[in-house]
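Look for chain A in each of the two complexes below; its partner is chain B in the first and chain C in the second.
Then we have the complex of A and B:
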């Protein structure tokens, strides 16, 4: 059997595959963060909480209203997205003129409140969400058995990432978004409703986080803490990719997922810090991130 | 990342919520509960633990020696420094008489040092590390509900004796996980088994798929999960998804009723685990379960039952000696047999370990479960000496006496 650094090749391939799955989650979450930062200049610390709420929305839908997984994929992001819009209208928009620190503190506080509420309602050990029947089983890839559901996650996440990128880079709506990012007053002067644009962007970014939550629900325990452990990693991903860069968020999400996967084979104890080590190196070498513009 | 460090500092501040009542030293007996109230272990005791203490106080009459018994509770957030400093603060300012330690061995080890310095009776209950009555023992500690030795002698021994001898461990990377893995490894090796590998996963890991793949590649027959709470749930859920539960026997080296409830029987069925107490063991335990359920809307875990028992036994000892003086109470506790709804004929060994009966359980299948919370069937009843050993831990200086 061939081996790389003393690790058998099939094991490496297996870990790379799993890294790709995790990378898809990172990409989907960091994409929403990058979009929000790009247009609003808000460091959205509540992103992990919205991810958690998306997963809980799916769980609540299934348990209490019999909403199946496929409907949840639409309904959960929609309802959490509306919540995001409300938060933008009621709180966030008052902070745009201030230092970004205020937005960060507000969203961080919102995250703590949502986590506390869900802990009070559902407890800390979380809830189980079953894998939808049509996605059970596994593909035998030779070097590992890949559960069908994980393959679906990669496919769904990459499709959504590609669609978002196309929307922003290739459509008229995307052009307006980019214009508002560059110069909001001038864009407004051309008759484009910038506040509406900003509000919908925040809602859409939040909905992306909730979508990632629904995708994650069948594979990990749906618990109030699921977002807080992820959000710091995802922030590191965004910083590495370059704050506000869409393509940077997607690419660095996938690549860091792969690197983290390899770390789990070589030195598992370091698997939760490898992303931050890379972030430190990137910040020294390219302070604006790999894809950032300076 | 200046923003991030600011946010982290703020988080620590906001997270540090303490539900303490104003306490004046003197006219009261003050019991402290320092536990994880908001993190991965918050469902194991958490608010239910506080409720169990209150139930014991009510059963002791609410006042003891003419003094009102009150409870202080704090969230240690799984940080040893927070647990230790809260303990010290209450001992200095609030007239603290006794402390119950919740989850997390790392935190309890730090608190034990304060107990020794401040001479306050200390009952680690949620924490499992056997070193609490070994290298980290103190004259004021009583390790009450279970420890890593008993868990290994229960679950690991039961599985090895069924002929499944090759093991792979997924271990929580801190004091508790490593002690549990060591204890289980000793049992496996002593019974002619072997350990093919182990990975240490950081506390709070959500995605275990990489580790599970390594476990699968090892070819071991048994997947030993040396973790707890949400870590345990996520690793078992992953094992189920990746089909490991079909090819390997999962061994829950520590699982609480709350974990099985959140995982559902569909995922947890067939699992072997070791517990000190189960609500559906006998009439007394069911009666306690019913009272607890009325308040908390869930059946109590073994450690919540132990919270009740420890509080009751402490207050009984105070009544008997007619004083809250730590030395007198500790001497009394080590003299009597412990008989209540938690255990029968339990006793406290020289090193501070409460020796009592343990049960090896198997989780029922959904078909076997006849009513809500009907989760376990008894596989084996382990007498205290079989679970905890016949001799006090030689690493504890108190054992020599």
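Then we have the complex of A and C:
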């Protein structure tokens, strides 16, 4: 049996796999956060709540309406995205002229409301969501067994991240988005409907969070507080990557997930805090983040 | 001005007489602890426009240190409080040194993330009692002279501390140092160009605020006799923001009014509506941000001046 630092290799690979799965969630969430921040200048504190709502949408769909996993994968982000659009229309829109701190505070309040509602309706305990039949089992790689669902999560998250990156960097729509991020009034003067763009960006960013929630539902317990602990880690990830940098969000999300997994092997007590420690070190060394620009 | 002096006079008389008016002293002490916490927080948000999203870290860690020293090591009440405040001060110095390098929302996110780090350390460390927290913390006596076991003497002890902190913050705000903070709040680049070392002023304000928040936490630990993880949690950090915002950030009395409102609401609502209380707190948050940005005291002052 091969071992590194006295830890058997399969254990390390297993934790790395878990880390990669977590990293996929970090990447999806921080990607949405970065896109929203880039265009709206709002740090969306409710991002974790939308992730939680996505998971709950899948759970409710299955329990009460018999909606299967694959339909949930489309329907949950769609419905949560519509909710996001409504919130942008009703609340966020009125805060753009003010200090960005108000956007942070507003979304913090919205997160409290959604978490409270779900706790009132479903209680604080976790609900389990079954892995869809077609994704059960595992691939035997010889040195370890790779669960099919975990592989699917990583693959799906990476595909969505890559697609989003391509959409923003290589399409006409993405060009408009980037132009509006750079200079909104000028973009509007060219006849592009910036308020519509802003609204759909918020909706799309939130839908990404909900998608991460659906992907996460079978691997973690679905509970009202599942988002609030995650959102702080994702904030740290975004600070490390550099606020508003899309590639930075994706890369640092995945890498930090892996580092967290590795820490679980080497020194489990530190696995919860390693991301925050790295954040502090990065900030001292490069205040604008790894991929950020001042 | 005269009206304000009269108002303060009435409040002081009321506060002195409160235990005799049939009000529950432990509840009043809890109010004062959170009011002190909010006043300390306001020093940052209201007077320097720095939104710390992790102030529970200083409140809670000081509470843990004081509770641990009193319970496990048999320290006296006052030295334990001072040690708690010192811990909060050091923590504030460490976090502040990293966080003041960035402004606005970055500052908020960094303070949040670092406070989460403190939370996990408290969760896993031995001396905090982990998930159980510290229970049965004795109140001891003030410098061995006055026993604080009875609610009434403890009440006056907390009241004295609260008044002292309130006056100290008032003094800080009106001092030359406070004026520099006001200048930074109004226009930071300009303050820099006038030759002020802005980061140092911000760091000092941060450390002061963290220390006073720590004092509030230590007192709360002694008043209620327990410290739990919720004292260092993100929820408590959010509450103190709400108190300050609701009462009126940047006004001296606002945080007190906000703390009284929020703590009273929670006390009565949690029995009535259970988990829905966070929905109400969230709705107040949204209401404050959307329509009520000057807060209770800010709006009243705006009307009368």
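Basically, the second predicted complex is superposed on the first by the 292 of 294 C-alpha atoms of A that agree within 3 Å, B and C clash if a C-alpha of one lies under 4 Å from a C-alpha of the other, contacts with A are read in each partner's own complex, and residues count from 1 in each chain.
Please note the rule applied: a residue touches a chain if its C-beta (ideal position, glycine included) is under 8 Å from a C-beta of that chain, and two chains touch if they have at least 3 such contacts.
Fair warning: this is a prediction, and the values are worked out from it, not measured in the lab.
Trainee: Both complexes share chain A, so when I overlay them there, do chain B and chain C fit or clash?
Mentor: Result for chain B and chain C: clash.
Trainee: In the overlaid three-chain picture, which partner chain does A:272 touch, first (chain B) or second (chain C), both, or neither?
Mentor: both
Trainee: Is A:124 touching anything from chain B or chain C once the two structures are fitted on A? First, second, both or neither.
Mentor: both
Trainee: Pick one for A:106: touches chain B only (first), chain C only (second), both, or neither.
Mentor: Second partner only, chain C.
Trainee: Once the shared chain is lined up, is A:238 touching chain B (first), chain C (second), both, or neither of them?
Mentor: Second partner only, chain C.
Trainee: Have a look at where A:220 lands relative to chain B and chain C in the superposition and call it first, second, both or neither.
Mentor: In the superposition, A:220 contacts chain B only.
Trainee: Quick one: classify A:250 as touching chain B (first), chain C (second), both or neither.
Mentor: In the superposition, A:250 touches no partner, neither chain B nor chain C.
Trainee: Looking at A:161, would you say it contacts chain B, chain C, both, or neither? Reply first, second, both or neither.
Mentor: Touch status of A:161: no partner.
Trainee: Look at A:212 in the shared chain and tell me whether it touches chain B only, chain C only, both, or neither; answer first, second, both or neither.
Mentor: Neither chain B nor chain C is touched by A:212.
Trainee: Identify the partner contact of A:40: answer first if only chain B is touched, second if only chain C is, both if each is, neither if none is.
Mentor: A:40 contacts neither chain B nor chain C.
Trainee: Please pick the stretch of chain B from 45-53, 81-89 or 261-269 that overlaps chain C when the two structures are superposed.
Mentor: Clashing stretch: 81-89.
Trainee: Pick out the shared contact residues on chain A: the ones touching chain B in one complex and chain C in the other.
Mentor: 43, 100-101, 104-105, 108-109, 112, 116, 119, 124, 232, 235, 239, 269, 272, 279, 283
Trainee: For a test of understanding, state which residues of chain C touch chain A in their complex under the given definition.
Mentor: 49, 51, 53, 98, 101-102, 104-106, 108-110, 112-114, 116-117, 120-121, 123-124, 234, 238, 241, 245, 274-286, 288-290, 293
Trainee: Mind pulling up the chain A residues that touch chain B in the complex?
Mentor: Listed in rising order, the residues are 8, 10-11, 14-15, 18-19, 21-22, 43, 45, 100-101, 104-105, 108-109, 112, 116, 119, 123-128, 130-131, 138, 144-145, 147, 149-150, 219-221, 223, 225-226, 229-230, 232, 235, 239, 261, 264-265, 268-269, 271-272, 279, 283.
Trainee: Considering the complex alone, what residue numbers of chain A touch chain C?
Mentor: Touching chain C from chain A are residues 43, 91, 94-95, 98-102, 104-106, 108-117, 119-120, 124, 228, 232-233, 235-236, 238-239, 243, 269, 272-273, 275-277, 279-280, 283-284, 287.
Trainee: Show which residues of chain B lie in contact with chain A when the two form their complex.
Mentor: Within the complex, chain B touches chain A at residues 1, 3-4, 6-7, 10-11, 14-15, 38-44, 46, 173, 199-202, 204-207, 209-211, 213-214, 217, 229-230, 233-234, 237-238, 241-243, 258-259, 261-264, 266-267.
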